[in-house]
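Read from first to last, the chains carry the letters A, B, C and D; within each, the first residue is number 1.
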Amino acid sequence: MAAIYSLYIINKSGGLIFYKDYGSSGRMDTNDSLRVASLWHSMHAISQQLSPTVGCLGIELLEADTFDLHCFQSLTGTKFFVVCEPGTQHMEGLLKVIYELYTDYVLKNPFYEMEMPIRCELFDINLSQATQKDRVALLGR
Amino acid sequence: MQFFGGSDISPSPPAPTASGNNAHMMYVFNRNGVCLLYREWNRPLHTLNAQQDHKLMFGLLFSLKSLTAKMDPTSMDKGNLGVPQLPGQGCSFHSFRTNTYKLSFMETPSGIKFEIMQFQFLGRGFGENIRFVQIILITHPKTGDLRESLKYIYNLYVEYVVKNPIYTPGAPIRCELFNTSLDQYVRSISYLLFKPRPSGTGDLVLQKAYSLMLISIIKALISVSKSVVKNLGSRDILNII
Amino acid sequence: MATTACFIIVSRNDIPIYEAEVGSATKREDAAQMHQFILHAALDIVQDLAWTTSAMYLKAIDRFNDLVVSVYVTAGHILCVSDFNCVSDKKNTEKMENDIYVIFFAFSVGEVHELYIKILLNPLYLPGSRIASSHFDTKVRALARKYL
Amino acid sequence: MIGVGKIKQYSNVLDKPLSKGKQEVSSSAFAFLFSELVQYNQTQVDNIAELERRLEDAGYAVGARVLELLCHRDKGNRRETRLLGILSFVHSTVWKVLFGKVADSLEKGTEHEDEYMISEKELLVNRFISIPKDMGTFNCGAFVAGIVRGVLDGAGFPAVVTAHFVPMEGQHRPRTTILIKFGEEVLRREARLAVPCDIIGSLFDFCVCSSEHGNFNDLVKAIIATPVDVKYTISLHPNSFDLGQDELS
């Protein structure tokens, strides 16, 4: 069963603004998640530079032995990436849905300050509905 | 987003070398980041000079490795970031894809099993240094899983480089034989990768060229020392064909 | 039949926000105050009359010797009060002539009401403040000439 | 701006016809605009109540204009003179034009007679807004409350209108309720205006409420205030009002 392990959202300067763990064993503490987020931000940038052809938008999918990492970068540089079981399908679709929720429930919320960690409960509510809706089993570990 | 030459729909498969802008390059690094080999078959864009490019690539791979080890969701003990991983320890990534290229990566701690026999007499230290190498293939983003091809290239590497007595470990690879067989192999891979799935009625010309190429590969394989062929599992050969 | 008409738009708390002297009769200087006086007198009648009917146009609600006062109440209780002085030679036709003017008034005030709404929709116009737009003034006078 | 067909240029806004107003507005454009409105006001105030008041004032101006426009355009120049009339006008016509749908429900307050509630499961204004914990009971629906107050005030029904979150069980998001509390003179006029034919209706309302907490004098006032020439025999069943015989006479 396809499963999401965790979801990260980082702002355009690489700061982690949202981290949700869906039951991957050994939940990462905040410092590590921050480090991972900024590391990924720089990896993403370097991979653009190394591109052999013009117009590279950075890493979209990283395949590792025990997980896949799908990343979606919005035009303004906000990156959404989700860590899931290898071979999970329609993760790009899920990231697009999450991006839509972000534009709806975070950017349109007057009490959200840009580039700051996300504290909008409507975003959380809709996010959990979206992840359930995609029949993506959450590892209830 | 059809960004580059329609590799799937164009009737005649693009000749691997001169075809549009789907890049095809290969790096081989050793443990301390020295670039043993950089082969470039098709690279339309050169952003950095060679030296920086290699350093940046190795840096990218090094931190990506520690990142994946850190993010491994299945293992409980999380080493802290940045600590160099011993080869084979912790989970490591095997490829990443961007919209313009796909990078397939292989680290060869697992290459120990069939060299033991050859390196017995050379002593452990020597073998260790040679054996650990990273091979990176950069191809068209839509290419499939290249782990098998990387293994095959690694075998070529072991055959032509490691066993070449005049080769000093850690130095950039100069072996001619290795380069030629590598070129042949890569040409065959890229040919295969871009080959449109032969739908039943595929035109005859394609079939003929295809079989010709097949024969040349087999001839090349036979010419190489027997041990290489013996070690290749039937699955590998099938995969190549 | 000289008709002098004074046309006032009064906001909710009885503050006049627009006045216009229309009609062809010669202006008598004391006439102005007299008009004001009559129209303001009519305001009290309007207060409770407005609640008994849902129509906006309250025909002739008051009469002062030869002046007929009629009112048009908008949804926001803005009153367009106007009076006509219809000098008629024959007694019996007076009833009929009044109606004619009253009907004319209905036409013109309907359009004035639309003009008022357009003024109101201007976000920079504070509801209840004086209408100082010259366009509004020229338009109202044109309407008056056309109908009265 | 790519207008639909050629946009006729008018020398002055007064020549522009009052359009039927069927253009759609993109909801995200409105959401961003409203969010900016709230953020701007937030920088100007120092406490929540004042922020709500400012939102309400913004809404009030909109309400006053909406009343005039809709009465002219949709109601065909008919004025609302009755309480229930104006409430249903707000509940259906205004809501349909502003938010595209009729409000979910319009109820009469149970404990106070002069209170009415319009509630909406997902108010368009609050759809994307999540209130941070430290802002307590702040509700951006104050803007809509302002609109409602603007409409009611314009139509001659002064009222205090506030917006509240009412949690619904089994729902993540609370319902937004607009509480309308009419002024004293509105009720008096309503009573005075109660045309004979529905005298029984409004009397009945009075009996129902007054009997509950026994302020019988409202009932008496209502009876006296009705136009005298209307003869009605009102059978007040004694035990339903636990009253003494003399009070009934």
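Here is the rule we use: a residue touches a chain if its C-beta (ideal position, glycine included) is under 8 Å from a C-beta of that chain, and two chains touch if they have at least 3 such contacts.
The chain list, named the UniProt way, goes like this: A, B, D = Trafficking protein particle complex subunit; C = Trafficking protein particle complex subunit 2.
The structure displayed is predicted, hence computed values, not measured ones.
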Min distance from chain CA centroid to global CA centroid: chain A
More Cb-Cb contact pairs, comparing A-B against C-D, go to A-B
Taking each chain's centre as the mean of its CA atoms, chain B sits from chain C at a distance in Å of 92
Between chain A and chain B, the Cα-mean centres are separated in Å by 30
Distance in whole angstrom between the CA centres of chain C and chain D is 31
Whole-angstrom distance, CA centroid of chain A to CA centroid of chain D, is 44
Multi-chain contacts in chain B, i.e. residues touching at least two other chains, fall at none
Among line, ring, star, complete and other, the chain touch graph is line
Interface with chain A, chain D side, in the complex: residues 28, 31-32, 34-39, 42, 128-132, 135, 140, 172-173
Counting only contacts in the complex, chain B reaches chain A at residues 3-4, 21-23, 25, 42-45, 47-48, 53, 56-57, 59-60, 63-64, 67-68, 70-78, 80-81, 91-101, 103, 138
Within the complex, chain D is touched by chain A residues 103-105, 107-111, 119-123, 125
Interface with chain D, chain C side, in the complex: residues 12, 50-56, 73-78, 110, 113-123, 127, 133, 135-136, 139
The residues of chain D that touch chain C in their complex are 12-14, 16, 18, 61, 64-65, 67-69, 71-72, 75, 77-81, 85, 154-156, 189, 193
